[in-house]
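What follows is chain A paired twice: with chain B in the first complex and chain C in the second.
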Partner chain A sequence: MSTPTGTAAQRKAPHSPTRTDTAKARRRSPTRVNPALYLFPLPAVAIIAFFLVMPTLQAFQYAITDWNGFSAAFNYVGLDNFVRAFTKDSLFTNALTNNLKFVLMVVIAQTAFSLILALLLTKNSRGSILLRALFFFPTILSSVSVAFIWKFIYDPNFGLANAVLGGVGLEALQGSYLGNNAQALYWVAVTQVWFHAGQMMVVYIAGLQAIPRELYEAAEMDGAGRWQQFKSITWPFVAPATSIVVAYTTVQSFKAFDLILGIAGNPPKQSLDILSTRIYSTFANSEFGYAAAQSIIFMAMIALVTWLQRRLLRLTPKGE
Partner chain B sequence: MLASISRRAILGIYAVIIIVPLTVVGFGSFKSTQELFAGPFSLPQSLSPANYAEVIGGQDLGSSFWNSVIVTAVSVPVTLFLASLAGYAISRLKGFMAWAIFGFLVLGMAIPAQANMVPLYVLFGRLGLLDSLTGLILANVVSTLPIAVFILGGFMRTLPKELYEASSIDGTGPWRTYVSIALPLSAPSVAAAAIFLFVIHWNELLYPLLFIQSPGNRTLPLALLSFQGEFQTNYPLLFAGVILASLPVVVAYVFLQRYFVAGITAGASKG
Partner chain C sequence: MSQISRRQAIAILGALGFGATAAACAGPGGTTTPGGATGPAAPATGAVTGKVSFAHWRGEDKVVFDELIKRFAALHDGVEVVQDISTSNDYNAQGLQKVRGAAIGDAFATFRGAQFKNFTEAGIYSELKGSKAAANYQPGLLTAGQSGDSQLGLPYQVVFPMPMANADLFDKAGAEIAPKDWDGFLAMCEKLAASGVIPISWPGGDVGNGGQLFNCMIANNAPVDDMCAQIEQGKLKCTDDWFLKMLGQYKDLVPYLQPNATGTAVEPAQNLFSQGKAAMLATGSYHIAAVRGLGAAFPIELVFPNTSDGNGKFEGAYNATFILGVNSASKNQAASAAWIDFLSEPENAGYYANQTAQHVAVKDVEYTNPDLKRLSPWLDKKTALAARFQFQNLDVRNAVEASATAVISGTSPEQAAEAAQKIVDERI
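Our next item is the complex of A and B:
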C-alpha cells in the first residue's frame, strides 16, 4: 500500500521542479491538464470518503461510548471499552490469543508449503501446468463451501479423514478433530492452507521463473549441492515474493471470519473464536460501542503485525 | 532418482487431497444420507436430482442464487467503471493532485471490513439501505474500490503518454480519450480486475450477514450458512448447496483459467 506513495515520492525527490522544468514540461506536452479530468475520480473519492473513511473515523467516536445502537443517548466512557477488552473480558483475550496462534500457524505452514509446491512445479511442462491449475482451484471457492467440505472431512462419525484412516488400518490415529478443543484451531489452519496455498504458490512461481538459469549452471559447475543452490540462489531471489506471501497470508488469516463461521457455526465455540468473529458477536449482542473498540484493536493489531513483518523481512538477504 | 520419487509423491498426495474431497462432494450431492455414510467414495446409485430440488425449493436457495447474480452483476461493472475513471484521471493528472487522489483512494486497502462494520451498519440504517440488495452492492463497491483503483491505476500509468497527447491534439475531450484509448488499451488489467472482483463479490459473506434480515434478500453464501444451521448433518443437502454456489465460478474457471490465476494473483501481490 505504501509502495505507490513511496515510488511517487522517490520520483519527485531528486530535484524539485524549477521554473525551467515546468516550462520544459509545458513545451513537451502541448496541452495543459484539462480541468474536466478532475471530475473523473470524483465519484470514487466521494464514495470512499462517505462510506469508508467517514465510518472508520466514526468507529473511533463510538469506541469511547457505551452506545447500544438504539438509544439516543451517547455516554462517553473514555477508554473503558479498551480496558475492559484487555483486562475484564476473557472472551476477547481468548479470541485474541486464538487469532495470533492461528495467524502464526497459517503463515508458517502456508509460506513453506506454497514455496515447496512452487519449487516442484516451476518447469512449464504439461503436467506442471495442469497441477498448478488444480492446486489453485480451491482459492476460487467460497469460504462457506470450503468450510462445509472440511466439516465433512473432519466429522468424527461419518467424516472422510476417519474413513480413510480406518480403511488403511490406522484406527489409532482417528480423531474428533474440531470436537477436540485443544486441536480444533490446528485443523482449521490446515483447511485455510488447503484453501489458499495454491494462490500463494502462483506468486512464488512468478518469483522463481525470474531467476536466471545460468546461475544454477554456474553453481553446479562449482560443485554446489541442491541445498546450497537453494540457500544461496533460490532463497535470496524469492525474498520479495516471500514478503508478499507472508504479508498477504497474515492479513488473510487475520480475517478468516467466513471460514470460522462456516466450519464452527455462528457463534463459534470458544476454541475457534477469533477477533473478527468476536467483534461480530459483540455487535450482534447490541454492544455497538464495545464492538467498535474491539474493531479498532483489531485494525491496530493488523497494522502492527504488518509493520513488524516489514521490519523483520528486511533482514532476509535480497538478491543482489 | 530419489528426489524425483519424493517430488511425485508430494505432488500426487496433494492432488489426491484436493480431488478426493471435491469428488466426494460431487457424488454425495446425489446420494441419500445413508448412502453417503455407507460409502462416501462410491458412485451414487442414481443421478436423482432430489437433493438439488429440495435445496432450491425448500430453502429459497433459488431466490438467493438470483440475488447473488444481481448483486455480482451490478457490483463488478460499477466497481470497474468507478475505478477505471479514477485510474485514468490519476494517470493523466500530474504531481501532487494525482498523488493525493491515488493515495486517498488506495488508503482504504488498509481498513479491514470488520473494522468499520458498526458505523457502516448505523449509516446504512439511517439511509434505509439495510436489508436491500442496493445496500449490498454499495458495500461491495466500497470495499473493493481501493484495490481496483490500485490495479487499474497502476496499469494505466504505464500506458504511453504520447497516445493521450496525440488524441488531445486532435481535439478529443478526456471522456472520448478515456472511452476510445485508455479503456481499450487497459483491457488486460480490466479483465484481471473483473475476475478478481467476481470471485470476491460472488463469495462475499460478511456484508450479507450484517445487512440482510429477510430470507428473500439473502445471497448464496448467506443462505448456505443459515442452511447449515438448520440441517446440521444433512451433508447431501449441504453438498448440493455447495455445488450450486460454486457452479458459476467453477464453470468460468474451467474456461478462463489463465485469467483467473492472473487476476487473483494481481489482487494478492498488490493487496
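Our next item is the complex of A and C:
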C-alpha cells in the first residue's frame, strides 16, 4: 500500500481533473460554438437520411406487411414473411442453399488461386508484369460482359469449351455445362473466380512485396526449404491479406446477382437461383413486403457470415 | 447570429433523424390513389398538341416508331411523341412503378398476363371501349386487353408462339408440315432426323423462349381453356393425368432436339435454325426478323406440335403481347389517345407490321412482308390464346414450365410434376 507523501496542505489541494470531472464540467458548461459550423454536416446528414436511413427503415417496415408494391392497400402481417421464407417457400430455401454452396466454392477456390498466382508472379520481371496484367484484365470488364462471354464459352453447340475438348479428342468430356442442373453452379463459380481472382492477386502481391528479402536469405542460409519458408515467413506476412480476401470474396459471392442473371437469364432456373436473384424475382412478382423481408434476411446473413469470419480468421502477423 | 450549444446542435440533428424515421414509416403505397390515377374513364378530349411519352420495351422497333411519330407529328401541329424504351426484363419488373406517376408513359404498352392485371388493378388504364382505335381491331383479338366489360388495352401485335419451320428442309425430307396428331408430329420429326438434320432446335437454357413451346403442348391436352389459371388456383394439378401425359410427350421429343438442349441459349438455337442445321426453331414467329437477320433465306412456315389424337380443339397457338393503353394519370390524354388511334389505323399498323415482321390485331391490314403474307392464314385459324400467360404468379409459371425442362433433361414426368406442384401448393 502506498503511503501519501508531502504536506497536509498539499494532500488537500485539488487533484488533477479526471475524465468524469471533465465530462461533468462539459455538461454544466456547454461549449459555445458558432452555429454556422453545424450547418456543414447537414448536406451529408440529409443525404444519409434520404438514401440510407429512410430506405433501410422502410425495408423493415415493408417486411412486416403484405404490400404488393403499388397498391395503397396493405396489411401488417407481423413476422409472417420471415416465417414463410424458412418454412413455406422452397424456392427461398433452395436459393439460400445454392448461395451458401456458391460462397463456399468461390471463397476456397478464389483465395487459393489468387494466392498461387501472387506467389508465381510476385517478382518484378517483365514477364511477370505482363502476366499480372493479363490476370488482372477480367477485373476491368463489366460483369454483364463477363456473363455473356462465358455463356457462349459454355454453350454446348457453338461454345469454346466443347470445341477445345473436341479438338483434343476428349469428346467424352463435352457437356451441357449450364444445362446440367447438378453442375451448373460449379461452372458459374469458375466464372466468378476467373473474374475476380486477378483483383485478389493484387492484394496478395502487395502483401508479398512487403516481406523483407533478408528473411528469405537468412532462411536459405539456415537450410530452410521452400515449404518451410512459406510456412514460417510468407504465410504469417500474407495472413492479414487472406483475411481481407476472404471477407471481400464472401460478400462479393453473396451478391453475384449480375453475373448469375447474365449467364442464366431472368429468371434463372432453380439450380442457379441465389438469394439476390430470388429477391429480385420476388420484387418482380409484385410481392414487395415479402421481398423486403427476404432482403433483411439476406443483409443479416451477410453481416453474420462476415462477423463470423472476422472472429474465426483473426489472421495477423506473428508478433502483433 | 446567436450561438447554440453542442447539445442543441445534436438535438437538431436528432430531430432531423427522427423526421427521416417518421417519413420512412409512412405507410407503403403512398397516396390512396397511386399517381393520381382515376380508374377507367375515357381519355380526356381536346387539342392534339404537347408532349406525349410513349413507354414500351421494344428497342428493336424504335426506328419504325420514329417514322410513325414523324407521320403523326405531320398531322398535328405542336405535338411531340417521345419514346421511353426499357429492356423487356426491366419493363416487366419496373414498368408499373415507372408509368403510374405518368412521369413517363402517357401512352404505354404492357405484356399480357400478370403485368396487364397489375396495371388494371392500379387503375392506370383509360377506358377505350367504343373508341375510334378499338373499332379498327379484329374483335376476336381484343380479349387480351379486356377486363370485365372494359376494353382497357388494345392488343397490338399478334405473334404465333409455335415452332418456325424451314420449308426447304421439310420438302427435302418429305415431311408433313401440318401433322394432324401427335403420332403424325413424331413421324414428321423422324423423317427430318433421317434426312440428316436436327428436327427441333429448342433453347432450353432460356426460360422465356424455351417456355413458348409449352403453349402448344398444353393447348390440346388440358381439360379447360383456362388451365394455367386453374393450376394457379389449385383447381387443376400438375400431377393430374392430363399434365403427366403432356410431360410424357415432352419426353417423346428428346431424340429430336439438339444435343444438350437444356443448356442452349436462344442465340445458338437461332443459329442452328438459320444455318439450316435444324429444321424447326421452337420459339415463335416473333423471331422471324432475327433469323432473317442471321441470313436465313429459306421459306419459313409455322408448325403446330399437335398433341391430340386427331380430335384436338386447336390448330395452333397465338399470343397478343404489346397491349397499348392510355394512362389515366396522364396530363395529355387527348394527344396520347390520338397517338394510339393513329397507331391503330390500318395503314400505320400495316407499316409497323411489315417493317417489324410482326402481325397485328388491326383488321384490313395489307401485309407486304413476304413472311407475314405467307403466315397470314394463321390469323384465321382456330388458335389457342397462349396459355402460359394466364399465370399471374411468375414463380408458379416458372415452376410449372420448369417441369417440362426437367423432363427433357432426364427427370421422370412424375418427379418433375411433383416438384412443380410443391411450389404451386406453397403459393396458393
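Going forward, the second predicted complex is superposed on the first by the 271 of 320 C-alpha atoms of A that agree within 3 Å, B and C clash if a C-alpha of one lies under 4 Å from a C-alpha of the other, contacts with A are read in each partner's own complex, and residues count from 1 in each chain.
Quick note on the criterion: a contact is a pair of C-beta atoms (placed from the backbone, for glycine too) under 8 Å apart; a residue touches a chain by one contact, two chains touch by 3 or more.
These numbers were taken from a predicted model, which means no experiment stands behind them.
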### Query
A:Asn34 contacts which: chain B (first), chain C (second), both, neither?
both
### Query
Looking at the overlay, does A:Ala210 come into contact with chain B only (first), chain C only (second), both, or neither?
neither
### Message
Under the stated touch criterion, which partner chain does A:Pro156 make contact with: chain B (first), chain C (second), both, or neither?
### Response
second
### Query
Is A:Phe135 touching the first partner chain B, the second partner chain C, both, or neither of them?
first
### Query
Can A:Asn266 be said to touch chain B (first), chain C (second), both, or neither?
both
### Message
Between chain B and chain C, whom does A:Leu91 touch in the aligned arrangement: first, second, both, or neither?
### Response
second
#### Entry: First (chain B), second (chain C), both or neither touched by A:Leu79
neither
### Query
Is A:Tyr177 touching the first partner chain B, the second partner chain C, both, or neither of them?
second
### Query
Among the partners chain B and chain C, which is in contact with a greater number of residues of chain A?
B
### Message
On the A-aligned overlay, A:Ala112 touches which partner chain: chain B = first, chain C = second, or both, or neither?
### Response
neither
#### Entry: Shared chain A contacts, counted only where both chain B and chain C touch the same residue
30-31, 33-34, 36, 38, 41, 45, 49, 53-56, 58, 62, 69, 151-152, 155, 158, 265-266, 280, 283, 288
### Query
Which residues of chain A touch chain B in the complex?
1, 4-5, 8-9, 12, 17, 25, 29-31, 33-34, 36-38, 40-41, 43-45, 47-49, 51-56, 58-59, 62, 69, 116-117, 120-121, 131-145, 148-153, 155, 158, 160, 163, 194, 199-200, 202-203, 206, 226, 244, 248, 251, 254-255, 257-258, 261-262, 265-266, 275-276, 279-280, 283, 288, 291-292, 295-296, 298-299, 302-303
### Query
In their complex, what parts of chain A are in touch with chain C?
30-36, 38, 41-42, 45-46, 49-50, 53-58, 61-62, 65, 67, 69-74, 88-91, 151-152, 154-159, 175-181, 265-270, 280-286, 288-289
### Task
Please give the residue numbers of chain B that touch chain A in the complex, ascending.
3, 7, 10-11, 14-15, 17-22, 24-25, 28, 36-37, 40-41, 82-83, 85-86, 88-90, 92-95, 97-99, 101-123, 138-139, 141-143, 145-146, 149-150, 153-154, 161, 165, 168-169, 173-175, 178, 199, 202-203, 205-206, 209-210, 220-221, 224-225, 228-229, 233, 235, 238-239, 241-242, 245-246, 249-250, 253, 257, 260-261, 264-265, 268-269, 271
### Summary
Residue positions on chain C within touch of chain A in the complex are 1-7, 9, 12-13, 16-17, 19-21, 23-25, 27-34, 89, 92-93, 96-97, 100, 114, 118, 121-122, 204-208, 258-265, 268, 271-272, 393-395, 398-399, 402, 405-406, 409, 422-423, 426
